[in-house]
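Below: a set of structures, written as C-alpha cells.
In what follows, subunit A forms one complex with subunit B and a second complex with subunit C.
Then we have the complex of A and B:
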C-alpha cells in the first residue's frame, strides 16, 4: 500500500484534537462536550496508531494496537456513563447547558 | 519503668480514645471509667519513669539498665526515605530529666481534670466525641514531650493543635444567642473561636516548619547527613556555626521561635487564647495547664537543654550568636507577661481573666528560659521548669473552680456573680488557694517558682529591664487575682444570683468535682517542699536521700529569707490593698472611679479593647479576604473557561519548550 506521508496522518490527528478543544471551550451543550471528548480521544488513539505503524516496519506494533483497543473500550464506557449522567441531569434540572450547572448543590 | 512503658504511656490513651465513641453507645459510666483508667495508667507509668530518674538508672528490660542522668533515646525507622530525601524519618522516645518531668506534669494534671470531667460533663449527650478528643489530646502531648526528634515533635505538635481546634469548638451545635454580634448563634461563635486558634497556631507553625527544614539543611552541610535527632544535634553543635556562616541565624531564630510563640499564645500571637474559652471549662483547663500552651514553653526549654548539654556534657564551645534566640524569647516573654496582665485587670468574663493570666504566666516562663539561654544560667532554667509545674497545678485548679462556678451559676460574666462564698465554700477555699499561688504568696507553689524567676532576672545586670517589668507584672497579677476572688465570692449578690437562689438551691460542686479540686489544692500547698529534689532531678543529679530533709530545709530557708523578701511583701501588698478595698470590701464603686477620671477612662478603654491588637488583626484578615474575593473571580466554575486556561497553559509550556 503506497501511503501518504506520515505527517498527513499526524495533521489529521492534531486537527481532531483541535476541533475537540474548540468545542470544549466554546459550546455549552453537554452532549456536544461529550462528543468533543470522544473526538479528542479518537485523535489521540490515531496518533498512537500512526506511531505504532512508524516503528513497526510495515505493520502496526501489536502492543500499541492492544493499548489502542483498550483505550477505545474505555472511551466507549466513559461515553456511556457520561450520557447516563446527561439523562439524569436533564431529568432533574431540565437543562443541558453547563453554565447553568455551576453549583455542586442539590 | 515497666516493660514497654515508653510506648504504653501514650498508646494507652490512644486506645481509650478509639474505644470511647463505641463504648459511649453502651454505657456512659463505662466510658468515663475507661478514660480515667487509661489516664491513670499513663500517670503511673510517668511516675515510674520519675522513680527511675531518682534512682539514677532507667531499666527497660530486665538486665538492661542505662544510667538515667545521661539523656538517651530509643528510636526506630518510621518512614524509610533514605534514597529519596537522604534521611529516614525516625520515630522514638527521648529520656532525659526535662522530658520525664514534663510527662509527669502532663499526666498528673490531666488525670485530675479527667476526674473533674465526670462531674462537669454529666449532662453532655455527645460524651463519646468528648472523650475521644480529650484522650487523643493528652496522648499527643505526652508523645510531644517524649519525642526524640524535631519532625516527630512537629507531627505531634500539629496533632495537639488539631485536637484543641475540635475541643474549643466542641459545642458548635449550640443554638443559644451568640456573645458576639457578628454571629447568629453561640455554636457559630464557638466554631469561629476554634478556627481562630487553629489558624493562628498553624500560621506560626508554618515558620516553625521552615526552621526545621533549615536544621535539616545545615546539618547536612556540617555533618554530611541531615539529622533532626535532639541528641545528635546536641552532640555536635557545629550546625549552629554553619548557620552563622550562612548569615541566617537571626532569621532562623525568629522562625524557630515562631512556633512556640504561637502555641504558647505569646506576642504577637496572643489573641487566640482568650477566645479559646468557648469550649467546655475542662478543655480550657487542659489547654492552659497541661497540654497545648505548655508545648511552646517546653520547646524553648528543650532548645536550651540541647545547647547546654552540648556545652557541658559533650564538651564543646558555646556557639557564638545563638543567644539571639534566647534574647528574643526573654524580651517577648516579659513584654507579653505585662501585656496580658494589664488586660486581665479589666476582663469581664471569669474564664477570660484566667486566660489572660495564663498568657502572662507563660510570659514568665519564656522570660526564665530566655534568661537561661542568654547567660547559659542553669538557675533560670530550673526556675522556668518549676514554674511550668507550679502553673500547671494552680491554673488547672483555678479553671476547675471556674468550671464548678459556671456549672452552678450559668453565667460567665463576673459582674453577674458575687456573694457566692456562702453557697460554695469548698470551691471558694480551693479557688482562694489557687489565686494565692497565682499571686505568688508564700508558701504556695507559685511563690517559689515566680520568686526564683524574678530573682534570676535581678541577679544579672543584663536583665535589669526584664526584672523591673516582671515585678510590675507581679503587682498586676496580685491585683487581678484578688479582683476575681472579690467579684465572684464577696460583696452583694447580683440580681442573677438572687434569682437563681430563689428558684432552686445554689449548691456546691458535686463530690467527684470536689475531689479533684481538693487534690489539686493540696498539691499547690505542699509542692514547694518538693521543688528542691525536683531541681536536682532536672539538673540530672542523683538524689542523695540521706540529707534530703536538710537540703529541702536549706532551700526553703534560702527562698524565704532571700534579699528579695521585702520586695515580695511589697508587691503583694501593693497589689492586694486596692483590690481588697474595691472588690472585696466593696468600699468604692470601680465603675465610678474609672468614669470620674479621664486618664483612667482612657486606659480602661485601651485595655478593654485588648490594646487594639485584636481589631487590628481582624482588619488585616478582612483585607486579605477582600483580596482573595477579587482573586476568586478567575475561578469561575465554568468548564469552557477552565478549558481555555488549560489551553493557555499548554501553549505557554510549548513556547517555553521551544525557547529552551
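Then we have the complex of A and C:
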C-alpha cells in the first residue's frame, strides 16, 4: 500500500484538473489548449487508477485498468483530431491564436 | 525519526507531477511546454508503475510520450513561424502557483483533513459502491425500457445530431469563392 493516504492522490488529480481549466480559460495558443485537455484527461485517469488501487487492496483493479487504457486511446484520438484542426486553421487563417478566429462566429 | 523511503518517492512524484503541469501552463516558447509535457507523462507513468500497474505505465509512455508528443511536434513544425506569445508575467506565475497550491490544500482538507467535513472516507466509498451495484440493475432495466418506449424520439434526436454535425462540418470546410 502507499505511504500517503489516497486522498492526497485525489487532491493531485483535482489540482491537475484546476491547472488544465486555468490554461483553457486564460491561454490563447491552440497547442497549449490541446496540452491542457491532455492534462485534464490524465488527471481524471489518475483518479480512476487510485480508486482502482483502493478497491483492489494494493493492486489496481483490472476493470479500472481496461477503462483507463480505453480512455487513453480516446484521448490520443482527440489529440490527433485537434491537431488536424490546428493545421487546417493555420492554413486557413494563418494563426494559432484562438482569439483571432472570429470568422468562426455566427 | 526516520522518514520512510516510500514516502520520499511518493512525495517526489506528486511534487514533480504538479510542478511539471504548471511548467506546461507557463513555459515559453511552446516547445518547452511540450518538453514539460514529456516529463509530466514520464512521471505519471512512474507513478502507475509504483502503484503496480505496469501495462498502464507502458500505455502512458507509448500514447502520451510517444504518439501525442510526436503529433504536437509535427504540428509545431508545420505551423511555423512561431507566433510571439505574451511575455511571461511573474505575477501571473505566482498567482497560478498560489491557485494551484490553494486548490491542492483545499481539496486535501475537504477530502481528508477537516474533521467536520463529510469527506471521502473509507466507509463512505464502501457504502457508495454497494449502493451503486444495487441500483445498477434497476437503472439498466429502466434505461432500456425508456429507450425502447421512446425510440421514435431517440431516432429523431440522432437525426438532428447527424444533420447538425454535417452542417457544422460543411460550414467549416466550405470554400470561399472570390468575387471578381
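Everything that follows uses one rule, which is that the second predicted complex is superposed on the first by the 102 of 106 C-alpha atoms of A that agree within 3 Å, B and C clash if a C-alpha of one lies under 4 Å from a C-alpha of the other, contacts with A are read in each partner's own complex, and residues count from 1 in each chain.
Simple rule for what comes next: contacts are C-beta pairs under 8 Å (C-beta built on N, C-alpha and C of every residue); 3 or more make two chains touch, one makes a residue touch a chain.
This is a predicted model, so every value here is computed, not measured.
Taken together through their common subunit A, the two structures put subunit B and subunit C side by side without a clash.
In the superposed model, A:99 makes contact with subunit B only, not with subunit C. More residues of subunit A are in touch with C than with the other of subunit B and subunit C. Residue contacts after overlaying the shared chain place A:33 against subunit B, while subunit C stays out of touching range. In the superposed pair of complexes, A:80 makes contact with subunit C only, with no contact to subunit B.
In the superposed model, A:25 lies in contact with subunit B only, and not with subunit C. Taking every C-alpha of subunit B against every C-alpha of subunit C after the fit on chain A, the minimum distance is 5 Å. Residues 27-28 of subunit A touch subunit B in one complex and subunit C in the other. Put simply, subunit A touches subunit C in their complex at residues 2-5, 7-12, 14-16, 18-20, 22-23, 27-29, 31-32, 34-36, 38-39, 42, 46, 49-51, 53-55, 58-60, 65, 68-69, 72-73, 75-76, 79-80, 83, 86-87, 90, 95-97, 104.
Touching subunit A in their complex are the following residues of subunit C: 4, 6-7, 10-11, 14, 17-18, 21-22, 24-25, 30, 33-34, 37, 40-41, 44, 47-48, 51-53, 55-56, 59-60, 63-64, 67-68, 71-72, 74-76, 78-79, 83, 85-86, 96, 99-100, 103-104, 107-108, 111-112, 119-120, 125, 129, 172.
Taken together, the subunit B residues at the contact with subunit A in this complex read 636-641, 643-644, 647.
Residue ranges on subunit A touching subunit B, taken from their complex, read 21, 24-28, 33, 98-99, 102-103.
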